[in-house]
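You will see two complexes here that share chain A, one where it goes with chain B and one where it goes with chain C.
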Partner chain A sequence: MFKLVKRPEPSRQMVLVSPLLALLLTLLAGIILFLFMGVSPTEALYAFFVEPLTSLYGWAELGVKATPLVLIAVTLSVGFRAGIWNIGAEGQLTLGGICGGAVALLFYEVESVWVIPLMVLAGIAGGMFWAAIPAFLRTRFNANEILTSLMLTYVAGLLLSLLVHGVMRDPDGYNFPESRLFSDSALLPIILEGTRLHVGWLMALAVVVAAWIMMARTLIGFEVKVLGQAPAAGRYAGFSQRNIIWFSLLLSGGAAGLAGMIEVSGPIGQVLPTISPGYGFTAIIVAFVGRLHPVGVLLAGLLLALSYLGGESAQISLNLPLAVTGVFQGMLLFFLLACDVLIHYQIVRKTGPVSAIADQDTTQATTNTATESK
Partner chain B sequence: MDILIPTILTIITAATPLLFAALGELITEKSGVLNLGVEGMILAGAVCGFAAVHFSGSASFGVVAGAAAGALLSLIFAALVLGFQASQVATGLALTIFGVGLSALIGQDLVGVAYDGLPKVAIPFLSDLPLIGEVFFKHDVLVYVSLLMVPLVWWFLTYSRAGLVLRAVGDSHDAAHAMGYPVVRIRLFAILFGGAMSGIAGAYLSLAYSPMWIENMSAGRGWIALALVVFATWRPWRVLLGAYLFGGISILQLHAQAMGIGIPSQVMSMLPYLVTILVLVLISRDQNKIKLNSPACIGKPFHPTS
Partner chain C sequence: MTRTFPGVIANQDVDLTIHAGEIHALLGENGAGKSTLVKMIYGILAPDSGQIDWQGNTVSIPNPAFARELGVAMVFQHFSLFDSLSVLENIALGMDSKVNRAELKSRILEISSRYGLPLDPDRHVYTLSVGERQRIEIIRCLLQEPKLLIMDEPTSVLTPQEVSRLFETLRRLSEEGLAILYISHKLDEIKALCHRATILRNGKRVDVADVNDESTSSLAAMMMGETLETTTPRIGNQAGELRLSVKNLSLEAADEFGIPLKNINLDVHCGEIVGIAGVAGNGQDELLMALSGESVSTQSDSLFIDGKACGQLGPNKRRALGVAAIPEQRLGHGAVPEMSLVDNTFLTAFQRLGLVGGGFIKNSVTRQFTEKVIENFNVKSNGSKAFASSLSGGNLQKFIVGREILQNPGLLIVSQPTWGVDAGAAQTIHKALRDLADRGAAVLIISQDLDELMAGTDRIGAICAGELSDIYDTAALSIEEVGLLMAGSALDEKSLATGGLNNV
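Let's look at the complex of A and B:
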């Protein structure tokens, strides 16, 4: 039998090896899944991971899909590092889409360069507002932010539905639950001719760089890391848990709101009853696969964006259901969580001498578990 | 009276899945494990239960299949959390994301398939009582089972030896381990029980509450069940109270529409989620209450060191 033995220090290599190993295992599991569904695994994997990238348009679409994922995941990572679980990014994205879309509709057919900046501000404000509710409830009443932010996601979805069926509905739209198509001044500029790649992608890249600098070079980044790894030490140093809760929720809420505004103003171009295929939830996977690090998140965002494109391409070329994407994403996270055991533990054979080593490790392991489990 | 009876009946059907899922999660949490994957397990139970009935025609087989699907998914959770020392929060979220995708994949050919719903079982003599008989003694089996589970879970946790060990594991896994109790095995059973109960909750949704399969049909009930456990401060009888309270709120919209009240349906649909938040706030406000009642080791990883 095998036994887990705590490493004296977390392995830095394993932090990077684990996602690759998880990806490999996901592909293997995918092959089994495809065989089970009676599809040729080679064709399916080709359709999923290669076909979408055989054209410039495909590469541009990768950026389009990665934009919301990266924007949200980079900022979620900040909270996750501090042990603040904002699970409601999907709802904050929806609010950003509603507020950004509202500005676009208010300034319908107004030709001004200020429409887009105003939409950006409205989107960020909407997302921040929606994230401020769990932040307030957590800091004031100690209500669990996982549950409150998630409940608000459902409320946001219903609010969007209400508005699209009501005040935001296109007056000339034959009662379809859709808004007017935005006028040109409310559409994000395209940065690659002939594709849908818009300036939102540049915003996402800018946020990655900003987050990197923040986490590596600023006091608030340091506070986040300390409070996440050693809450007692953080409190002793006078870092405020309350401030970090507000900071990380407003940050990720604002970014999710921006992502929502980018979705309605970029690829969609109007307000629809659904504006996201679950980007807010997938971003959670992106954050973990990207090791909660801005650069890692960027790469992971591209990978998960590919899974969306692959799902669409496999649906067209092989008639596979779109739900395969979700299964792939879930499996990737499962395998990642399993592989992450290698960061803190070594797997060793259970034999005589090893148990002696394990016993030596006992004191070490207990102290480590104690610090880990905040 | 014409409105009252159907109202009570719909409250009962709306409360039953919440009751199943929350009682299951209660046991899991009492053992010191927080499984945030309830939503995913409910969906798996819903689609597998429905598929089983569709292909076999047997309602009881459907319920068993739902329970098995929920338990199977919770087994993945258990392997990751107990075996691989993964974070319970992250793994639970993964379980929900996976469950949503998997159920949509399994159920793609079942959308639009009709089913009559679970047969109603009238309890002899009692169901003949005027009014009361109609309201309380003519339900499908699962309603009775869910109500029976409440005293059962309560008795198990309060008086049974196994229940006391389970609570000890949840309150101090190190002490329980030192006393020689198999912490990991006990938690495994608690997680599996939670999974099976969530699976039954799902089967109830797709077989009785609205007998069909729709993607994401649980609509956040798994998360509401999680909130219910906090609301109930980990006590089975209060779970019952909470489940029926929420059942009542969630069916308000149906009856408001029927009575012609001019509130948009979306606003009415928001109610259960808003009330969940409100209730969480009211309970969590009193930190001592939470601290006194919640299992002390909840969410903490356990690594046996000797």
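Let's look at the complex of A and C:
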């Protein structure tokens, strides 16, 4: 028999090995899944993970998909490290898209280099506004931000739908629920000729670097880490939980808003009833697979972006349903959380009749027996 | 008996014999291996090697239920009682077999009167004092009619009066033939109560002594393996200007488990050490947080530092005025467990030492200061990058005390400075606190350790249920009188007339 035994101290090696192990298990489970569906696993995995990267265009698409994921996940992980759980990035992204898109449509006739910066500001402001609602409810009424931010996502989706069916609808669009195509000055410049890779990718990289410096070297990053790990020590140091709630929600809300603006102004080029295939939710997976570290998040963002591309490619070449993408993403998070147990525990062969209690740390043993003696 | 944990040998070939009717002390410092040994006897831990003989037969004790069946009972340091249930219900829940309520009640009453353990079976636990709660645990054990009773540091939560009452009960039990294994590191208690003592040091048995043949100092020498400097009481310290003045400070409890502070009045002067005694859970944490600024008052004029009203200022504004605080809980409150010592230095020092420039952390300055703390206070660690959680209790406390003292505070408030700390580290800490006061700082020690307060303070008071007693000259009070203060009763002024009563 095997059993789990608590390690004397958390394994640092496992922190890095765990995501790779999770990826491996995801692939194995994928093979089983494809066998059940009657598809050749080698072909399917090739279509899923290799084919998208066989051309320069594919690599550029990887950047396009990774941009919103990385932007959002990097800032979400700041909040997660502080213990603030913003689950509503999808809604904040939607608001960013609405506000950025509104600026683009408002200045439809204007040809100016200032349209894009204005859209950026509007997008960030929209996302921040949407994240400010859970922040206010949490700090004022102690309402759980997980629930409020998540529920606001559905409100945002309906708001977008309302606008696209109403004031934002293209007047010459035969009543289709979509806006006019943006004019050229409202479209993000392309940085790689012949592809769709736009300056948003550079913004995402800049945010990664900024977040890295912030978490490693600045007072605010320190406050985030302390309040997340030991709230009492944070109060002792004089850090304000309230400020950090506002800071991390506005930061991730702003970044999600920017991502939404980038989506409408980059790959989409207009406002549609749906502007994201769930980037805001997938970013949560990205943040955890990336170990809440900016560099890890960058790599994880690329991996999850590949799962989007792979899903499309598998759909085209093997007629697989697009839902396979979601299944892969879900399995990756599931296996990651399972593998993370190995950071604090190790698997050993069970030898002798030593009781399970005996191997836990001593304080726990006391508590256990105290309860047991009842 | 031998038992190892990853990285440490907790017990190495330890022998222990106890006879019927004997009160046997298990003596040793924190970390000497007392708990490990007892847990093996009570079946919580399995030994790596060794054997247990019970009334002449070799037994193996796989779990506590079996230990109880044999006749081994244990009173833990931390009680496991349900606050919302009555005494009777709590005891009924703890029985291994089903019992008739009325019968149980009469047995409880019988035991409580026979052994001088007054207890009303129908009272709810939340209405009882700590001493009364301990009685429940003892009665619960006695109901099993044990042959060996193990008591783990039973007096750490009791006032001196409650301690002497407990001792009477234990003596009566031993006269009836019960063997008692009494775990403690308090030498006076062992001298007063026990017949023989087994002394553990670093996981090994160093000696078995007949307590009557030994003095407290010879027991101490065996326990610590070295003779300690005896501390001289502080006499004749000239208190300087008023530094901290608390006036009618009241604070609501932060949650339902907290203790509200009621009308606290307290003055601490430059150059003096003031002590606040009290049984755990009487508002010590709340008082420390109210003084450090972690909880702020609504009244600005409830607290003055050097004459400046600062009841509404947070921790860092108070630090700027020279306040440093050391909370009772080290990991998670005084230090972040999974952060390096450098980060943990920055935690409280960034304000006074200017370790932030333009929002950025000045890493090299912080590291230099951390290394200074480690060196000056002889902190044993794997360097300044070691996690706080990797340090032993004593070393972490030396680090935290050093971190605050080297910032040169004008007022230091410290809670339980030597709780769970080995004697060597305790001595370092006590000396550092004295030196700080001698340099002109005001020092306030909140502690459950009466010996520490009687030896190391100029004035003393006690906190009980969130109310602070008057503060008296330490030299004028006996330990029993401090015990009365801890129990919340006021002292009779006349009985103190001989001592230089200084009721500020």
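Keep in mind that, in the parts below, the second predicted complex is superposed on the first by the 355 of 374 C-alpha atoms of A that agree within 3 Å, B and C clash if a C-alpha of one lies under 4 Å from a C-alpha of the other, contacts with A are read in each partner's own complex, and residues count from 1 in each chain.
In the analysis below, a residue touches a chain if its C-beta (ideal position, glycine included) is under 8 Å from a C-beta of that chain, and two chains touch if they have at least 3 such contacts.
Computed from a predicted model, the values in this text were never measured in an experiment.
When both complexes are overlaid on chain A, the residue A:53 reaches neither chain B nor chain C.
In the superposed model, A:238 makes contact with chain C only, not with chain B. In the superposed pair of complexes, A:27 makes contact with neither chain B nor chain C. Contacts of A:137 after superposition: chain B is touched, whereas chain C is not reached.
In the superposed model, A:225 makes contact with chain C only, not with chain B. Contacts of A:199 after superposition: neither chain B nor chain C is touched. By the touch criterion stated above, A:345 is placed in contact with chain B alone, chain C being left untouched. Using the contact criterion defined above for the overlaid structures, shared-chain residue A:159 touches chain B, although it does not reach chain C. Comparing the two complexes, residues 358, 362, 365-366, 369, 372-373 of chain A contact chain B in one case and chain C in the other. Residues 5-7, 35-36, 39, 42, 44-46, 62-65, 68, 76, 78, 80, 93-94, 292-294, 314-316, 319, 325, 327, 329, 332-339, 343, 346-348, 350-351, 356, 359-361, 363, 389-390 of chain C touch chain A in their complex. Within the complex formed with chain C, the chain A residues making contact are 8-10, 217-220, 222, 225-226, 229-230, 232-233, 235-238, 240, 353-355, 357-358, 362, 365-366, 369-374. Interface residues of chain B, counted against chain A in their complex, comprise 36, 76, 79-80, 84-87, 89-91, 93-95, 97-102, 104-105, 108, 174, 215, 219-220, 223-224, 226-227, 230, 264, 266-267, 269-270, 273-274, 276-277, 280-281, 284-285, 287, 290, 299-303, 305-306. Across the complex, chain A meets chain B through its residues 4, 6, 85, 87, 137, 141-144, 146-148, 150-152, 154-155, 158-159, 161-162, 165-166, 281-282, 284-285, 288, 321-331, 333-334, 337-338, 340-341, 344-345, 358-359, 361-362, 365-366, 369, 372-373.
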